[in-house]
Amino acid sequence: MSLHPFGIELLQFVLLLGLAPAFAGWVKTLKCLAQGRTAPGILQPYRDIRRLFGKDIVLAENASWIFRFTPYLVFGVTAVAAGIIPLISVDLPLAATADVIALVMLFGIVRFFTALAGMDIGTAFGGMGSSREMMVASLAEPAMLMAVFTVSLASNSSSLTQMVAVMGHAEFVIRPSLAFALAAFIMVALAETGRIPVDNPATHLELTMVHEAMILEYSGRHLALIEWAGMMKLTLFFALGIAAFSPWGIASDGDIGALLLAFGSLLLKLAVGALVMVLIETGLAKMRLFRLPEYLGSAFLLATLGMIAFFILE
Amino acid sequence: MILLSLLGISILVALLLAFIGDWRYAPEINIGGSLLTFFVSLVLALQVYREGGSIAGSDYFFVDYLNISLVVLTTFVSTTTAIFSRRYMLVEREHGRVGHWRMRFYHAMFQLFIFAMLIALVTNNFGVLWISMELATLATVLLVSLYRTPTSIEAAWKYFILCGVGIAQALFGTVLLYFAAERVVGAGGNALLWTNLSQVSGQLDPTVMRLSFVFLMVGYGTKAGLVPLHNWLPDAHSEGPTPVSAVLSGLLLNIALYALIRCKALVDGSLGSGFAGNIMMGFGLLSLLTAAFSMLRQKDVKRLFAYSSIEHMGIATFAFGLGGPIATFGGVLHMIVHSLAKSATFFSVGHAAQMHGTQEMAQIRGLIRGNPAVGWGLFLGVMALAGMPPFGIFTSEFLILTATMKDAPLLTPLLLLGLAVAFAALFRKVQPMVTGLIPAGQKQLTAANIPVFLHLALVLLLGIYLPGFLANWFHLAVEILK
Amino acid sequence: MTHTFAVQLNSLLAALILLTAFALLAQRKILGLVHIFAWQGFFLALSTAVIGYASGEHHLYISSLLTLVMKVILLPYILYTLVRKLKVHRDIDAVVNIPTTMLLGIMLVVFSYHLTAPIRELSNLMTRSTLAVALATVMLGMLMMVTRRHAVTQILGFLAMENGLFFAATSATYGMPMVVELGVALDLLIAAFIFGIFFFHISTTFESLDVEQMAKLKETD
Amino acid sequence: MPASLDIAGFAVLLLLALAVLAPLLRSVRSIQIPLAFSLGAVASLAAVVAGIMTVAAGSVASATMSVGLPGLPFHLRLDPLAGFFLVVIGLVGLFVSIYSIGYVKGYGGVRSMTQMICFYTLFLAGMLLVVLADDAYFFLVAWELMAAASYFLVMYEDEKGENRRAAFLYLLIAHVGALAILLAFGVMAGQSGASGFDGYTFDAMRSAHLSSGWAAAAFFLAFFGFAAKAGVIPLHVWLPEAHPVAPSNISALMSGVMLKTSIYGICRFAFDFIKIFPWWWGGVVLALGLISAVMGVLYALMQHDLKRLLAYHSVENIGIILIGLGLSMIFAAFHLPALAALALVAALYHTLNHAIFKGLLFMGAGAVLHATHVRNMEEMGGLIHRMPWTAPLFLVGCVSISALPPFNGFVSEWLTFQAFLLSPALPHPLLRLLIPLGAALLALTGALAAACFVKVFGVVFLGQWRGHQKPERIHEVGPSMRGGMLLAAISCLLLGILPTWVIGWLDTIPEQLCGAKLSESAGKLGWLWLTPIAHERASYSGPVVFIGILAVVAVTWLLLHVRATSVSRVPIWDCGFVKLTPRMQYTASAFSMPLRRVLGFLFAVREQVEIVPHTNHPALPGSLQYRLRIRDRFWNWLYAPQGDAAYWVARQVGRLQQGRIQIYLLYSFVTLIVLLVFLG
């Protein structure tokens, strides 16, 4: 028995929407465990979102339509991205909508509008957050591209499904280029998703806020949408990493068995990936803003080394 | 007959003006005389065109495609200058800069000057060419010092002495030319006739011709304002009354260059090498570069344009030196469009200076707002002079540059440098004068606009459309110089 | 007068012309200069007449007469009157001192000789050897203009050049065609008229005829 | 049906006629502006039609006029490349002409309308003629007509010193560039072997066989000239001076279209005339493109003058176009026609896109200027409340230029990235290693551009009003200005979501210039999917992204509005402090501070902080003054020394003329003797 491609598409969409809070909860739980605190439970994000949806909205007097529109757009773009990255199967009709580069740019829209919303109210916090976010993104982008470039060299394509298909069926070899690229990708992904050491999602201290500063003024369902989209984005970056660097297990068609298997391996990989991230976050402290160029520069260097390694060694 | 009337009118009018003096209608007589000469020259041109080639009016005069085009140019520009000078000199009189006696002198000398230039153009005899060149200098020396200010006397003195010495050298060259020619053509007046010499130029002795050309080059080169013989030019062209500056820059330089290219044709025929051409290219480039850089530092507006004349003469000299049909064509065209554009610019400059009571560029501001016709006239004139298309100077520079690129590519960077610096200098200086707000103390006046815009229209026309007959004409003129 | 004698006489006159050219360089007094100039014109007229006689080119007589009238009588007279009227009696300052000038002059003579050598080879006229002198006179005249700073001396240098040119025409080709000779004479006349006016203007405006004062129009700061 | 060349000719003639008749229209002052600019719009539309027809048909038409030089009448030719640029010029011309009806009214009564109309139409006509010209002379005439007309337009507000300075600098650099182009033509004509005037026709240049040295000379002379016009770093200094001070409709044309004519010129020279060239030509173009792109956007980030900022972005985008061109040339040099076609299409597509979104942005800036009368962003803010139309339209421009899907800027940049991704196909090992680094720089450029436009939109339209005057006096602009911007914004969206059609349309150009078509592979899966080389390699679907986002947003919105929730408006939360003023907002300078700190070494930055103590309590700061000056380093590196050198030479030359007549006589004497000694 096999699922129609649009069925897979829908399944994946629902899966991501539903799974993202749980994944965020899992990360939080792991983090609490690692830091010796009591965890609120994996389901806490669901409760948060529900509570926020139920609340009224408090809006600053001079908030414009940009401020009110942004949460929907952020959510919408992230959802579209969810339909593109192969989570459990490559047989996605919408996967051709965007290759990796276009995908990165899609997240660019999210950032662009979040940053605009940060400046809409006209407080110093919002502007500060936007300014910092855009700087980090600017520096992260070249490294991201180099990492993508290296992977696409290996699979001869920048299309995600194609990458998965090629890499998933190749026999396992240790490729130094991909190792470098993976390291670079992880560093950049931490920056893009606003994690330690680049940003601290849990802080509301003015000196260290980046992303949180931009969305400080949000409340009610707006905040819910943004939070939810943020969780989806985190999950998607993991999925992206998985698709690019360890696609084994992702089904090539809509066969139910393969899909189940793929789902299982996805959960496993996410769980492991979260562990890695939590270890990194626990082990490192948040960097000063002006140390970030060095951090992202190293990521770029690693990615470039990966590319060079591909040409020289492979 | 027509030739004689061409020459006769101007000398008669000169005498008449000298006789009647500063009569009320003297300027109108001046205009009328010039206009009449212009018509006669047109008739003559038509005749040349119909009979196809040269007309030799006895042994003394001859007309071919090359000089008739310059004759028409000369009579035309002198007519428009006369028109311009009517208004201009009226204002000068009101300001008390010239009096009764000097006006008489001015008008008479103006016509005498035209007469001298016309003789220089149509004469068949190299000796007479020399004489009339000298006459043209002498006729204008006292016009330069018309205002009797210390600087104008200084300028006129330098003009007189330097051109006198220069032209004396040309006379030595002419003697040598005669010496060479006599051995081929035989003694007597015939030996200096262009119509004879151009036939036998191949037989002229090369050694003598080389020597002769060096003297002629230095001599007529001084008159054409080539560097380093140019030092009189900025002084003389800036200190005299503006109509005089206009004809000096616009016409007299052309005549000197004309003499030079006639000589070059003979020398080339004799030597069969690029000797003369190389010398001319050297002078041309040096003039272009020196003048271009000098323009950067000018403070006096007429001096600026005097240097611009040196620059353009340099370009034309370079073009003739380069030779070849395209460059020579470019050179002839350049002489013509430069005359028109330069005199038009001087007209505007004259009015601008009168409006502000000074020739100092720092004082002249806001011309377009103050008097749109004068401002735009100056601005467009400068665009033309700087070589912006679609004005004709761009056409000639285009031809010259591309020809250089083909025949002497290593010289193009120098040409380019000169043109670019000259462009920068012109706009740097003129732009603030024409734009901006009206300064305090600017006076209004009724400007003579027709000459300016007539000239500019012609320059524009020559840039985008050369009528068939004119093109043909120039081609035949180029043939003569081959 | 035999042909050879005429040649010898002409050579002597050429030597005298050269001598006067040097004398013009050496002389410090203005009136003295005018006198020397008149002498130069006289020798020139004589030489022209001699050549005319020897070569049978009779139009040279007219030239000779013209020279006599213009350069021996008219121009010196005008200059003399002007100098008197404008009261310029002082010695003239030279830019370069006189011995150096003379030395330069001698080098110019040698140079002229060298330069006219090919023409001498070509020519078969009896006057061919004097061409070098003619050119030297032109150059010396020019040297005089360069090294002297008085308006009158500049004019004299200019006129000496003119003399040299005239002499060159006679010696190279037995004179230019008549129309040219006449025209040149006319120009010279007008020039004389003009420099006369100039002397007045300059001396009234600048209160002296020193041309060093006329250096206002310049490009240096 | 009239031939496309006739339609183009009609457009040009209409514009020229307008220029000539503009003074006559003065008598009917009330309709002078609407009439002139509507006719300008009609002419632009005609150019668009002619261009679209030509490109679609892939046809070549030529004609000769009866004016011009003897032996060299003006030649006209309309081929797909020219047709494409006709469309670029015409489209922006159309939008801007409509916009101008309202914009120019703002000058009414103060300045000469005739002058504006005359030079505006001449400017448009000049640009159209540049792409239509088919001989060297006519090309240069058109080129300088364009330069001169725009010079006068930059000078339009000539009582301001900065306008005069900018105009002069602009004209000077443009003219030097034109001279270089002239020499390039000289090389082509001289080496083409054709005699007389025939060598100056483009046909002769197409068939000329140049030796490699001469070909390089011709190309790089031309490239220098075109780069000067396009504002390629380091020849860009005029651009951020001239574009801001011109009237905004002119800035839109200059930045949007005029710069593109030099792209046309480079394409013409490289792909049409010379055709066969070594790869390093492309390498030079690529390198300069990268430098321009990165430096351009960095300089832009540092600006707080809105129009100046946009001008620097033009430098950046010209850089991006050149990146595509350079890649295309490299691919072509290695005989990879399909890849060359891809890179060329990327470049051309970006040319079109940039023309439109930069036109839109300048029109928007003009609208802001029109409403607020300030260019300094530090004095703006919150305009989204006062200008409900301009704000979203400007936002479209911002998103487009930041290369974000689904708008048009993204498509062309994505195509450029694809070209980069294909560089491993090159047989040259060093290039394989180096070119990907270019892709990283392009990514940096894109991200910085996004940062910059967050700043622009955030500071200008969002937040609160920072200026001195009362914000209540600011009003939305009139319908024609909104119309022009709206059309441009719609074009941005359409070009973004329908790239397959556009690429299919302009396919005749790479076919003629590179010998390969893109449409067969690009549209293989139908119009919905853009697959530049093969769908396995990469794909993008503008419509799906657009509709997808729209659908999710709509559904979410509906779902969340099923139950009514109250939205309460409250004053801005001031963290418990009182007196939160608009001056406490983040400013443009503050926004770019982190990047200024990180990349400051590239600029000449001077920051000064001065603390004035409180009068009563000297220990406390009374007021604080902050001064920031950022200068273009190229000015001190390249231009100031040149100017100084010129004046130094001028001084030395001036020494020739000391005023003493003896010295002058000596020159004459020495000249004579030197000539005699060495030559006589």
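As written, the chain order gives the labels A, B, C and D, with residue 1 at the start of each chain.
FYI, a contact is a pair of C-beta atoms (placed from the backbone, for glycine too) under 8 Å apart; a residue touches a chain by one contact, two chains touch by 3 or more.
All of these numbers come straight from a predicted model, not from anything done at the bench.
Steps from chain B to chain D, taking the shortest chain of touch contacts, total 1. More inter-chain C-beta contacts link the pair A-D than the other of A-D and C-D. For chain C, the chain with the farthest CA centroid is A. Put simply, the C-alpha centre of chain A and that of chain B have 78 angstrom between them. The mean-CA centres of chain A and chain C are about 100 angstrom from one another, to the nearest whole unit.
One finds 35 Å separating the Cα centroids of chain A and chain D. Chain C and chain D have centres, each the mean of its CA atoms, that are 69 Å apart. The residues of chain B that reach two or more other chains are 157-158, 161, 165, 169, 211, 234, 294, 297, listed in rising order. Counting partner chains per residue, chain D has residues 653-654, 656-657, 661, 665, 668, 676, 680 touching two or more of them.
Every pair of chains in contact is given here: A-D, B-C, B-D, C-D.
Across the complex, chain D is touched by residues 157-158, 161-162, 165-166, 169, 210-211, 214-215, 217-218, 222, 227-229, 231-232, 234, 275, 279, 290, 293-294, 296-297, 325-326, 368, 383, 386-390, 394-395, 398-399, 401-407, 409, 412, 416, 419-421, 423-424, 427-428, 431-432, 435-437, 463-466, 468, 470-472, 474-475 of chain B. Interface residues of chain B, counted against chain C in their complex, comprise 60, 125, 127-128, 130-131, 134-135, 138, 141-142, 145, 148, 150-151, 153-158, 160-161, 164-165, 168-169, 171-172, 174-176, 178-179, 182-183, 187-189, 191-192, 205, 207-208, 211, 234-235, 238-239, 294, 297. Chain C meets chain D in the complex at residues 95, 111, 115, 139, 142-143, 145-149, 154, 211-212, 214-221.
Touching chain B in their complex are the following residues of chain D: 67-71, 136-137, 140-141, 143-145, 147-148, 155, 158-159, 164, 167-168, 171-172, 175-176, 179-180, 182-183, 185-187, 189-191, 196-197, 200, 646-647, 649-651, 653-654, 656-657, 661, 664-665, 667-668, 671-672, 675-676, 679-680. Interface residues of chain C facing chain B in the complex, by the touch rule stated above, are 115, 118-119, 122-123, 135, 138, 142, 145, 151, 154, 158, 161-162, 165, 168-169, 172-174, 176-180, 183-184, 186-187, 190-191, 194-195, 197-198, 201-202, 205-206, 211, 214-217, 219.
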